[in-house]
Amino acid sequence: MADKVFKKLTVVGCSSESYQKAVEVGLSKARESLHGLAWFEVKEMRGGIGPDGKIEWQASIEVAFKLD
Amino acid sequence: MADKVFKKLTVVGCSSESYQKAVEVGLSKARESLHGLAWFEVKEMRGGIGPDGKIEWQASIEVAFKLD
Amino acid sequence: MADKVFKKLTVVGCSSESYQKAVEVGLSKARESLHGLAWFEVKEMRGGIGPDGKIEWQASIEVAFKLD
Amino acid sequence: MADKVFKKLTVVGCSSESYQKAVEVGLSKARESLHGLAWFEVKEMRGGIGPDGKIEWQASIEVAFKLD
Amino acid sequence: MADKVFKKLTVVGCSSESYQKAVEVGLSKARESLHGLAWFEVKEMRGGIGPDGKIEWQASIEVAFKLD
Amino acid sequence: MADKVFKKLTVVGCSSESYQKAVEVGLSKARESLHGLAWFEVKEMRGGIGPDGKIEWQASIEVAFKLD
Amino acid sequence: MADKVFKKLTVVGCSSESYQKAVEVGLSKARESLHGLAWFEVKEMRGGIGPDGKIEWQASIEVAFKLD
Amino acid sequence: MADKVFKKLTVVGCSSESYQKAVEVGLSKARESLHGLAWFEVKEMRGGIGPDGKIEWQASIEVAFKLD
Amino acid sequence: MADKVFKKLTVVGCSSESYQKAVEVGLSKARESLHGLAWFEVKEMRGGIGPDGKIEWQASIEVAFKLD
Amino acid sequence: MADKVFKKLTVVGCSSESYQKAVEVGLSKARESLHGLAWFEVKEMRGGIGPDGKIEWQASIEVAFKLD
Amino acid sequence: MADKVFKKLTVVGCSSESYQKAVEVGLSKARESLHGLAWFEVKEMRGGIGPDGKIEWQASIEVAFKLD
Amino acid sequence: MADKVFKKLTVVGCSSESYQKAVEVGLSKARESLHGLAWFEVKEMRGGIGPDGKIEWQASIEVAFKLD
């Protein structure tokens, strides 16, 4: 096991469907620009309610990826 | 942006289906008596297990609504 | 197990006797106006000391009661 | 010192000026409908930024008032 | 209500499907060896991402069961 | 001082009398099956209220005992 | 209301009787050397168990007193 | 409401004037390089005192901005 | 960089003006009796409301100073 | 990735040498009786000081191991 | 003291030797790409255990560096 | 076991070598002026980085000593 370093970023995924989907949306976006994603942690689950009553599920997740 | 004030209430939604459903149950109830719901935060996820093994999913959520 | 919703309120009971009494004082008051009290959680234990050295035991408790 | 009970409510005051003003806005609103306000605690300081860059200072405060 | 004692254990359920499933996996395993499961609390939600991009949903839950 | 290792367990003691009693009930039970109890920490104080208004005081305590 | 400043100290009261007594023991000691004690907060409740099974109740309390 | 993802960054704004100013300094800097700032949260308020007694007010804030 | 040791004290500054002023009041008092103040951290922001409606802003700050 | 379940235990390793050693002592003991240790988390670092001034470094660690 | 802004990043340093080394590994990596590193905070200490029993010490650290 | 009271103080030990050394430096200083040191708790681990890249390891520790 050689020395390794990971970097952590926090993203907030938002979905009109569910918290599960909100986390997946956040992870998908993170994957577009980052290589070596290794793990993540859900930090907060909030939500917004529009004037029309529509709910936006918001999941704050910290993702870790390996630095080369 | 004029001054605004929101009030926060905590409700615990319970469902026999899932956590997602438990949060929705809590929000639905809050909407029955409150106007101007704006956002919410999941504070705790617990559950009860009945003698028959049935699971009750319990989500504690803090909802904020605008005061007139 | 049908869907259920509970609401949580925070009260601070104060007693000149003890913390145990302070929690009981807070619960008694909550019962006067609320039906369906189901559980509670002690959140904070503080106290005040008067100029005469008298101690006031203060217990912050979150009580949950069932919404109809 | 007779037994006393306080109740706690959480409000979020919003101001376009400053955090100090946001707390005051929240307290003023609480005073309109509540008697016997005794103390408060700042729980969270957040803010929103509009599309035009205007900042809304948001202070979440828990206020305690004496129950008769 | 006679005196009762519960014991708490922490398990981490892992699923390739969702957090909801991960909690259920953890509870199922706990039930295999423990009697009198009464309630549980979700403590942490994390996840692992494999080299192939597969996601493992991990839920840390504290389960309480009654001691005889 | 040779190397030593302790193990920690969490139990929840319940009493119809008081929190003090609830902690003692939890400790008594822990002593029945564990040797070398050394210290404990109160982690949570909650309570249940029955339909008849009876209160059950619940204290969550982490007990540490020495491993041989 | 002129400007005032309080100082906070942390003491750990220990009693062989109860937590209530442990807090009182800590407060009594604080009073011996400090004037103007105004309020206190219980921060931690722990305990030690002697080889003979005797329990020592330990309460960590932060006391605030007014500076002249 | 289509799916959206926000990213969070933490900056520490420092000012010789006040905490309010320190937060504003941090937000101004964040705006120079980031588009779509949406909200922020004050995480920590600290300060430094120079040998000459000058105070530096330091506010740690987490800012969220929308990813395209 | 030789070894150094700092000591931390907690003071609560109170002002009838603002939180900013409350922190400054606390720091001024700390400076009267302590040399080598180096940094501080705001731990809590509370407030008291008098019977006449006057607000007292209270800031709990931990100050660190170098030991010789 | 099939469903998996881990169990977590908390041990406190004590060493007269250092914190690093204390953690290793705790892990070594855990390994004696548990198979499938996968990861651990340091939860607390405390220490005891004997009447002779000898220091005992104590590390509280939560270890997770795979259930078959 | 002119206004200054720092940015914070979180890295996780991993070492097969010790926690001290893990932090140093993380800091070294951060230095490769960042100028003006000013301070850091250890946020979490975890570890992984390989099938061969090898331990990987993991330290999560938040590093702050000055923005020009 | 007679009633006992301990007092807690917070010191920050700094070392150019390691965290282990930083804690020892803090404890050594505490011992110079305090009798009856009984235990301590590491509360925070931070560090400073000088313009020359030298690292200062800083450990915040709460020490408890027995009051006569």
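The letters A, B, C, D, E, F, G, H, I, J, K and L name the chains in turn, as written, and every chain counts its residues from 1.
We take it that contacts are C-beta pairs under 8 Å (C-beta built on N, C-alpha and C of every residue); 3 or more make two chains touch, one makes a residue touch a chain.
What you see is a predicted model; the values in this text were computed from it and never measured.
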| item | value |
| --- | --- |
| Neighbouring chains shared between subunit E and subunit J, ordered by label | F |
| Of I-L and D-I, pair with higher C-beta contact tally | I-L |
| Chain of greatest Cα-centre distance to subunit A | G |
| Same vs different contact residues, subunit B with subunit E, by half of numbers used | different |
| Distance from the mean Cα position of subunit L to that of subunit D, given in whole angstrom | 38 |
| Centroid spacing, where centroids are CA-atom means, of subunit G and subunit J in whole angstrom | 31 |
| Interchain centroid distance [CA atoms averaged], subunit C/subunit F, Å | 22 |
| Per-residue multi-chain contacts in subunit D, two or more chains | 19-20 |
| Complete list of chain pairs which touch one another | A-B, A-E, A-H, A-K, B-C, B-D, B-E, C-D, C-F, C-G, D-H, D-I, E-F, E-J, F-G, F-J, G-I, G-L, H-I, H-K, I-L, J-K, J-L, K-L |
| Interface residues, subunit B side, partner subunit A - complex | 19-20, 23-24, 27, 31, 37-42 |
| Subunit B-touching residues of subunit D, taken from the complex the two chains share | 9-16, 21, 25-26, 29, 50, 54, 56, 60 |
| Subunit A to subunit K touching residues, read off their complex | 1-8, 62, 64, 67 |
| Contact set on subunit G toward subunit F in their complex | 18-20, 44-49, 53, 55 |
